[in-house]
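What follows is one structure encoded as C-alpha cells, with my remarks underneath.
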C-alpha cells in the first residue's frame, strides 16, 4: 500500500492534534498509524502520522500549499515522506563483514525499505559478496596523508548514486567534520560498546580489562564529536569470567548487527526524530 | 496534577481522531499523553488520551452529555477515568509472600496509583506484615466442602471495602466462575510459567522435567478458563542444567513479582484495553 | 592449538574426579578447561575436560587401552573428541534462508568448528548463495507420495559426504523416524516458538492469537516425537499489541538464527551432553 | 546438609586438579559441586569445591595441617568456608529503602545464607521496618565536619556485632579509605548505573541527558577508588523517549535490588573470587 508519513516537531500547544487530524481528515486521509510524544520538560511536541494515499485528495505541491498555514500557526517543523520513494543507501565497510552480510540479507528479504545501490570500502574484502548481490562496489583506499582527497572520492560516489543515507557498517575510519556536515543526520554508525562506556578504540579490550558482566553495542547518528551523536539503539549481552577478549568480539558481532540493522530500519521507515542530541523512536 | 484519562474502543473510521481531539480542544483540554492503536485485521481503533483537568471546561456529567453524541456517531465504547480517584485494591495471598511484600513496598513509595485497604488470605502467614503496613487483614479459610460459603465471605469483604480490583498475589485457590463474573476484567493473577506453556499446577516442576532453558511468569486477567485469560505481561529468566527445581522456584519469585506489579500498575493507570482475549497495553 | 575433549557420563561416586584427573596428569595432559555437573536427583555425574595434546603421552589407541580400566571401575560412558577433526555438517533448508545465511557467514569467519561440504534443499532458492560459498548444493524435491524414496536420496547424499551432523535450518519437512534413527543425537532443528508452547505448525499465528507478550525460538535435537526432543537453547523477544503476525515473523527470524547457531556451535565444540531428554550444556 | 567450600587461587600448573581432588578423596570428601576457571592470559587457576562434611575425615585444624603441604607445593592461596557458619551482615542504608526491603524479605524466606544482626543508617526512615524484622537499628548521623568520628561510631557497631560483610543498600555517603581498608573485599555497594558509564552522582539524570536506550545498575566491591571496584553483577532495562527521569529512577529501583541481592547471595555462598580488579563468579 502506498502511504505518506507526516513528521512533526514543534512547541507543545493546545489544539495541535485537533488541527492536524482535522486537516488530514478534511483531505481524505485514512490514517493507518499515529504516534505522538510530548516532552514536558522542554515543552515540545512530536508526531508521526502514516496514512494511505488511496483516496487522499492532495498531491505533494497541494499538501505544501495547504499545510503551510497550519504549520505556521503552530510553529511546526515538518516533513512529508512517501513509502513508495525508497531512499538510496550507501554502506561503508572495512574488513569485518558481519554487519554488511546482515544488512544485505535483510534487504534481500524485504526488511529494509530502501535501495542499496553501492558499497564503499577501504579494502577489497567485501567485493565478492557485494557483487554477488548485484550491487556496485567502490574500493576507495584511505590513508592519513591523502584523507582529504580520499573523502572527495567517497563523496563523489555518494553524489553519483544520489545517496540519501550512509551506513557505517564497521567502517574503521573516522569521517572528517567536513564529510559529516554534508550528510547531517544521515550517517548511522555502530559502535561496539554500550555508550557512553568505552568511547574510542578497542572497546572490547577495555570492557575485558574493566571486568564488566555485560557488553553492549550502540547505533547512533554521526556528529562532529566522536561517539557522541544521538543514540538510536543499544543492546547488551551477558558475559562472564570465562569469556576472553575473543569471546567478547564474537558475542559483540551479534549485538552490532542487531543494533545497526534496527537503527537503519527505523530511520528508513521515518520513525526517528531528533532533538537535544537525543532521538525519539516511534514504534 | 489532576488528570482525566479517556479510553476509547470502536470500529476504525476516518475522522475519529479529528472528532475526538477537536472535542477535547474545544472544551479546553490540555493533552498530556495520547496513544492510539489500530488493529487492521479486525478494523478496530483504540485510544488513550490523558489531559489536565486544570482549565478543562466540563464536569463529569457535562462530559457525558456532550460526548455521547460524538460516541454514538462513531459507535465508540468509552470510559473516563480520573487520576485523583484512587481505586481500592484487595490483595489475595496464600503462604508465599514475595509478591505481597513487593506490592506493599511499591504502594508505600508511590508506584501504585491506588489504595490498598484490605488483604485477604486463606492462611495467617501474611497478617504481621499486612498489619505493619496498617492494612486490614481478613483471614478466610477455604476448603473444598465449604467453598461456596467461603467465597461469599470473601465477596462480602470486597463489598465492605468497595473494592475495584482484586490482585491474586500467589493465591493458590481457584476462584469459582460465579466469583469471577462478579469482577469481570477486574481480577489480575500471576501464573508462574510462560503461558501457554505449563498451564496448571506445579509449572516449575514441569519446566524442569522438560529441560527448558528459560523459565517465565505471566500476569493475566482471570476468566472462567483457568490460565486462559488475556495476558497483560510476561517475562523470562535464563536457567541452565545447574538449576534444580528449587533454583527455578527462587528465580521464578523475582519474575512473578515483576510481571504482577507491572500488570497491576498498568491497570491502575488505565493503560490496559481488552479485546479478542488479548490486551492493548499503552505505554 | 590441537586439543582433545574428554566427555564423561556416569553414576556419581566418590573418587571420580581424583581418578580422572590423576589419569590425565600422569600422561602429561595440560588441562585447558574443565567443567563438571552433578545431578543429585538422579545421582549422575557429567564432565568435560579439554586438554592440550602438546606433550600428551598417549595416542588414541593407547588412550582407549589405558582409560578403559578406569572407565570400567566407575561405569563411565565416555568419548574422546579432537578439535583438529572438524566434523562434516550438512545443512537442510527450504525457502527461508536467514538461518542458512547466518550459518554460512559464521562458518566463513571461523565461528563454527566444522566443515560444511553440502547443503540439501527441497527447493532451488538457496542454490546461488550456497554455490557462492563454494559448497555443493543438492536439490532433493520431497513429496508425500515419494517421501521414502526422497529420504533415501537424502541419506545417500549424507553418506557420500560422510556427514556427522545434520542441521535443519528452517527445513519445512518432517523427517521420518527411520531417517532420525540413522542420525541419533546428530540432527539439530530450530522451532519457531518457545517450546513447549506452540508445538507444530504456524506457531507465530498461534502466538499472535493467544496475545503473548514475548515470542521465542528453540533449538533441539530431533527425536521421533515432533518438537519433543532435548532442548539445547531458547531465546525470546518482546512483542506488543502493535506487532502483527508479519512483525512476529520478522522478529522471530533473528531469534531463530541466534538459537540455531548457538546450538550448532556448542554441539560442534562438544559441549552438549544428553540425558533424560534434557541437555547439559557446558560453557 | 552441612558442607565445606574450598576456594583456591594459584598459578596454573599441571597436576593441580589431580592433587586437590586426590587429597579430598583420600579424606572421604563427597564432592557436591566443583567449578574451576583458568585465565590463560595471566596463567592463573581458580577453583571452588563444595563437599559434604558427612563422612569427611578431617576437622578444620587437621585440614589446615594436611592441606598446607599441598598448597605450598603449588603456591596455592586458599580458604575453607563452612556453610553452617552463617556470616554476619550489616546493611547500611539512607532514605531509599527498596534494596533494604528486598534483602530483608530474601533473608526471611531463606535466600541468603547469612545472619543480619544490624542495620545502620544516617536517617531514621528505615527504623520501623528494621525493627519489624526483629533486627537492631543504629542511627548514626553523618556530616562532613564530623565524618571521622561518625565512621568510628559505625566501625564500633560493626565490631560489636562481629560483622563479616557490609552491604551498602543505597547508602548515600562515601566511605573513607580508612573505613574501606578495615573491610577489604567485604563491602558490597550498588551503583545506579551501568558502570563504567555514569560514574558519580546523579547517574539517572546523566543517562537521561545522554539519551541512552538502556539503563543499568552495578554491584561491586568497594575500593578506595569511587565506583572503580571489582564488578560482581550488572543488569539493564530498556527505556525509551517516553521515560522521564522519574521513570528511570523507578525502573532503576528494580535493577538495583536485583543486582545487589545477587551479589550479596553469591558472596555469601562463597562463589566470588577476586583478581586484577575483576571477579570470578562461580555459578
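All chains are identified by letter, namely A, B, C and D, in their written order; residue positions are counted from 1 within each chain.
By our rule, contacts are C-beta pairs under 8 Å (C-beta built on N, C-alpha and C of every residue); 3 or more make two chains touch, one makes a residue touch a chain.
This one's a predicted model, so the numbers in the text were calculated from it and none came from an experiment.
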With chain A ignored, the remaining chains form one piece
In terms of residue numbering, is the interface formed by chain A and chain D classified as same (over half shared) or different (under half shared)? same
Considering only mean CA positions as chain centres, point out the chain farthest from chain B. C
When B-C and B-D are ranked by contacting C-beta pairs, first place goes to B-C
Chain centres from averaged Cα atoms put chain B and chain D apart, in whole Å, by 36
Please compute the C-alpha centroid of chain B, do the same for chain C, then give the distance between them in whole Å. 42
Touching at least two other chains at once: which residues of chain B meet that condition? 40, 240, 242
Would you pull the chain D residues touching chain B in the complex into a rising list? 97-98, 101, 105, 109, 111, 128-129, 132, 240, 242, 250, 253-254, 258, 283
Interface with chain B, chain A side, in the complex: residues 14-15, 17-18, 21-22, 24-26, 28-36, 38, 40
Using the touch definition from the top, list the residues of chain D that touch chain A in their complex. 37, 39-41, 194-198, 210-214, 216, 230-236, 240-242, 244, 276-281
